[in-house]
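The following pair of complexes shares a single chain, chain A, combined with chain B in the former and chain C in the latter.
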Partner chain A sequence: MIRVRACLLLALLTLTLPAMADIAIVVKAGSGVGQLTRSDAVNIFMGRYRKLPNGNPALPLDVVSLKARFYRALVNKNLAEINAYWARLVFSGEASPPQQVATATEMRQLVAHNPSAVGYLDSREVGDDLHVVLILNE
Partner chain B sequence: MSRLLTLLHTRLALRTTAIILLIVGLLGVAFLLLAVHFRAQSVHQEQQARLEGLLTTVERTAQIACFLNGEELARELADGLLSNDIVHAVRIESLDGKLLVGRGGPIESPSDALFTREISSPFEPGTSLCRLIIDPDQHYIDGLVGQASRFVGGALLLQLLGIGFCVVLVVVRYVTRPITGLSQRLRALEAETGQKLQAPRGNRDDEIGQLVNSVNAMIDNLVQSLDAERCLRLEREVEERRYRAIFDNVETGIFEVDDDGAIRVANPAFRRLFKLPAKRDLNRHPIDFATLVDPEGTFGASPATVAAGGRGQQWEVALGDEEPRRWVNLVLNPLEAGRLQGVAHDVTARKRAADAAEQLAVTDPLTGLGNRRGFDRRLAVMGRHHRLYPDRCHALVLLDFDHFKQINDTHGHHAGDRVLRHVGGELAVLLRQRDYVARLGGDEFVLLLEGWGGARRSRRCWSASSLACRPRSSSSRGWRSPSGSASEWRCLGWIPRSRSRRCCSPTARCTRPSALGAIPGASTPPKATAERRSAGPAHLETLRLGGLEVVRRAATTQDRARSGGLIDAIDQQGRIDVHADHLAEHQPVVDLFAGGGAQPQCLAQTALEHHLGFAHMGHCDDLRSIGVSPARLNSSTSGATDAAL
Partner chain C sequence: MLASLAAQAFHASDDGRLTLSGFGTLGLVHSDNSEAEFLRDIGQPKGADEGWSARVDSLLGAQLGWRVDPRWDLVVQGISRYHDSGNYRPELSWAFVRYRPDPALQLRAGRLGWDVFQLADSRYVGYAYPWARPPVDQFGMLQLTHIDGADVTFKQPWGSDLVLLKLYAGRSDSRIHVVDDLVADFDADAVYGGHLDYEHGPWRLRTSYTEVRSDVDYAGSVVNEIDSLQIPGLDGEREIERALGFSRLRLFSLGALYDSGPLQVQAMWNRSRTARHHGRIDSALLSVGYRVGQVTPYVAHSRAMTSSTNPDVTDIDQRTWTFGTRFDVARDIALKVQLDRIDTRRPGFLWRGDSDWEGGWSSIFSLGLDFIF
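After this line comes the complex of A and B, so read on.
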């Protein structure tokens, strides 16, 4: 029993530790986008900008598993607020929310194949095929 | 307007109300202005707060619209705002002035009345994205303010009217009506009967009650004063009637004189006294006082002197020209300014009595000549006269009978009195008017001869007239006929100068008795003057000597024996024959004022010797030797006469 508890605590710790890592906003390596400011990131992910600084259309991607952490780090809002924001805009057609992907792997594949795609993932999971344009410290 | 002013002037309640309403109205206007001001402010604040609230409500949407430059969203937002009646127009523009959306028309309000809010980014609070401008609907706000003001004004007006109405009611009920009632009661009050004023019910203890008490106290005083006045008037009437009766019935004349000296009031006695008609209205036809009382100014009776002196004066005036004159005593006193009051007494009787008494006091009752007192007075008068005119010479002659006592003893006092009367009559006839003869007492007579000049003149006078003549030889006392050689006749008295020619001539003087009756210059017996009574006995003879009539008769032996030679006879008519021997012998003549006197004997001797019967004092000052000084003679007439006697 004690072992079970110790295992659970350990498991919790192991789960929590990677959550404490920074989130990196990434594009396809070699897409021509060097760095993004925080404001650029907000504008792109919140629907204001439809293009990347290099002129490519911007296609932001939301990773469902990281979504809460990401918006907290980016605009300091919870998911409910972000959802309310998008819900308000849906009927007016002014802007559309980012495309939703389920996992970081899926996101990585999408980014790696699409130079317009902008995604985010844990900074420790960034591979060579991705180019980090902004690190969001939590 | 004038009617309103009259009403305001006459109605206390109306005036009070008007004043109160005026004050309340002014205050109300001031309050109304204040209230409207604050109400407008509060309305503005309310609307501002409402706008703020609206802005806050839509801010998040506006943020998103600005963030996304979403015109559709912005328009929606603006329409939503415009659906509020307070919002007139809405504009959303970016910071660089680019209009995102403008709804509701152009902005009409001035820039300071606009509501502007900076809209920041919904994700980056520090970043302003655009500006939301709301133009409030001023008409609507003004309407709200006006509505509020109308409400306040109406409320105040109602309050004002209510207050005014209440004030009128209160004033009418509690002030005007009691005062009006009081005034009516006061008008109907008969204060002179002592009736009291009743205070209105409910006002007994307040100011109106005090007023009533004061009025009652005043009525009390009034009644007391009226009573006192009435009593005084009654007393005064009685007094006046009394004085009127006195004025009308008194025997004293009472009158009043005004400033001009005219008699204005006079009682019946005064009218009788001055023979004024009783009906004459002196006020209408006044009579001049001086003309009436003292037409010739003899007595100096004039009202002007009294008026000027301020003190009463008294005069005695004689009225009428015919004798006996009536005498009136007038007293005039200042009565008041411009009025003098006078009293007039008829003092005729008193005056006559006084004159008679005065006359009686200085008259010898027996002879009708002066007496000792009259002599004293006359001597005093002469003394004063002499002091005024010292150069005039006066003389005093003393006479008495020798052996007069024998007459009384022989014939009785009655006969003596008759002798004295006779002699007195003769002396009185002899004298001038200015001279004075008096009987000092007994058989002593005194003559005061006034206005004899100096010694020389006196002497001449005496030589021209004779006081006492007697023959040198008086051995025989018998009376003989005038033609008789040995007459015993002696001249008596001094004969005034004017009559001297009928007197003895100087040559005949004192030598022969016939000369006494002789016409001057005539050597014949005095037949002309000495007439024999044809009807009487042959031995009776009446002699006239000037005014002196002496009846002489040959004395019978019996007579002589009876009378001792003093009186020759008493005739049938009772006239006495006086033996002249007994008259005027050894009588002194004294010059009173030149000083000095003479011893009687000495004078007599001198007179005899010089045939003068007179001695001037300058020649004979032996009087001093007997202890009588001239000063004493001057100062004391009685002393003089005593000494002279």
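After this line comes the complex of A and C, so read on.
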């Protein structure tokens, strides 16, 4: 019985732990975007090609408090590398980095009101007004 | 830079926003070469003597951007560095208006960076790359810094890959120092070219072509000596152009960048053809860096060679081994330590000074502090 309980506990842990740490890329609910592939997400956040699958321009948002985790999960890079990457594109006049917002709350409000906005959140914090287009496992 | 953006409250349109950002390098170079001066590029009239010098790498740049609406914006960028005028007088590096009617299309007009091969138009932004400076064999021979004209960029997704085509045309002027006693002033009335990029996962592949047609004015004691011979029909400038053929340059380039997690690889090959004597300027670069935490050691090998059927022109042959480490010590600040071991088999315009120098090994030790704001 104890063993069964331990197995159950383990199963629960393995089910819930990754979900706790996952990052969800989100758009406004009902904006007509179903899913993004990982390369779509890289193109949008790294400024290579900012278009959503429904044809709308994509407006990426960075959440300062989650940024390090997000880029680690998306492209396995630290913030110094991300800054160096943007320094090259900004000072050659090729592209601009995502708009920065301070908190997840601010991000949620902005994404919920703009069908072009693409943000990211801890996957536990996604509300009804947002639609998850990609989950990044950490 | 990113901090200033973070401080901005985000508005749905973000229109009318003015941003100021910048970049800079404090660079110290130690050379053990007592016979020739080390240069970062052929525009610099003087280089680093034996001993320590802060001249070749130190620079400061600033950019002002004004976003009119999501489609239109204006960018102005200036830079102060030791350049062809022999001082740090600031110059306007970019000033353009950009129109992006769609994520797949971008048009720019005004003063633009010379995007002649990968990383060329960001070669002064030390914070953006691992090296103390872009390898001189490859980047030091570029003739132009900017063009006054226009470019258009098309992007097309291809499955999960991306194809990018950029075309540009304009005019430019610049000065290069061929040797101590010979300056070439380029009045390039036609600079045009383009490149095709293919982006696949961590790979960015580029093939590019550019043509530069110029009126080149040559000046210096070499020209004066020819003129002083006073042989009828012999004109110093014309003779130099006949020998060098800089009036028409064609540049071909292949490049591959691989950037995946902590691993960064740059590989490039470049060939310029001059107008006469089958003149060629070849360069190549291979660089590998691997990040461990905030520390990125790197090693690079680069090579520069020229060849010509003209017996009066001496060719260049040089190889460089570069070893260094970048330390990301604080937000938006990187320190670099680098050693270049340069094997100069035949010297030429990549060095200044004593024209009797026949080449040999040199060691260049560099310390750099790169920052952005």
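One rule holds for everything that comes next: the second predicted complex is superposed on the first by the 118 of 138 C-alpha atoms of A that agree within 3 Å, B and C clash if a C-alpha of one lies under 4 Å from a C-alpha of the other, contacts with A are read in each partner's own complex, and residues count from 1 in each chain.
Keep in mind that, in the parts below, a contact is a pair of C-beta atoms (placed from the backbone, for glycine too) under 8 Å apart; a residue touches a chain by one contact, two chains touch by 3 or more.
Owing to the predicted nature of the structure, the values given are computational and were not obtained by experimental measurement.
> So, on chain A, is it clash or fit between chain B and chain C?
Partners clash after overlay.
> For A:R48, select first, second, both or neither according to whether it touches chain B, chain C, the two together, or no partner.
both
> In the overlay, answer first, second, both or neither for which of chain B and chain C A:N83 touches.
In the superposition, A:N83 touches chain C alone.
> Output check: A:H113 vs chain B and chain C. Expected answer is one of first, second, both, neither. What do you get?
second
> For A:V101, select first, second, both or neither according to whether it touches chain B, chain C, the two together, or no partner.
Touch status of A:V101: second partner only.
> Would you sort A:V75 into first (chain B), second (chain C), both or neither based on which partner it touches?
Both partners, chain B and chain C.
> Please work out whether A:S92 is in contact with chain B alone, chain C alone, both, or neither, and reply first, second, both or neither.
both
> Touch check for A:S39: first (chain B), second (chain C), both, or neither?
After superposition on chain A, A:S39 lies in contact with both partners, chain B and chain C.
> Mind telling me which of the two, chain B or chain C, contacts the most residues of chain A?
Larger number of chain A residues touched: C.
> Who does A:S65 touch here: chain B (first), chain C (second), both, or neither?
neither
> So the two structures are superposed on chain A. Out of 112-120, 328-336, 346-354 or 364-372, which stretch of chain C collides with chain B?
The one stretch of chain C in steric conflict with chain B is 112-120.
> Based on the A-chain superposition described above, do chain B and chain C contact any of the same residues on chain A, and if so which?
39, 48, 75, 77, 85, 88-89, 92-93
> Under the stated contact criterion, what part of chain B meets chain A in this complex?
Residue list for chain B touching chain A: 61, 64, 67-70, 72-73, 76, 122-124, 127.
> For a test of understanding, state which residues of chain A touch chain C in their complex under the given definition.
Counting only chain A, the residues touching chain C are 37, 39-40, 43, 48-51, 57-58, 61, 64, 75-81, 83-93, 96-97, 99-102, 106, 110, 113-114.
> With touch defined as at the start, can you tell me which chain C residues reach chain A in the complex?
1-2, 5-6, 8, 10, 12, 14, 21, 23, 61, 63, 65, 70, 75, 77, 94, 96, 98, 102-104, 108, 112-113, 115, 119, 121-122, 124-125, 127-129, 155, 157, 160-162, 199, 201, 260-262, 291, 294, 328, 331-332, 334, 372
> Sort out for me which residues of chain A touch chain B in the complex.
39, 42, 46-48, 74-75, 77, 85, 88-89, 92-95
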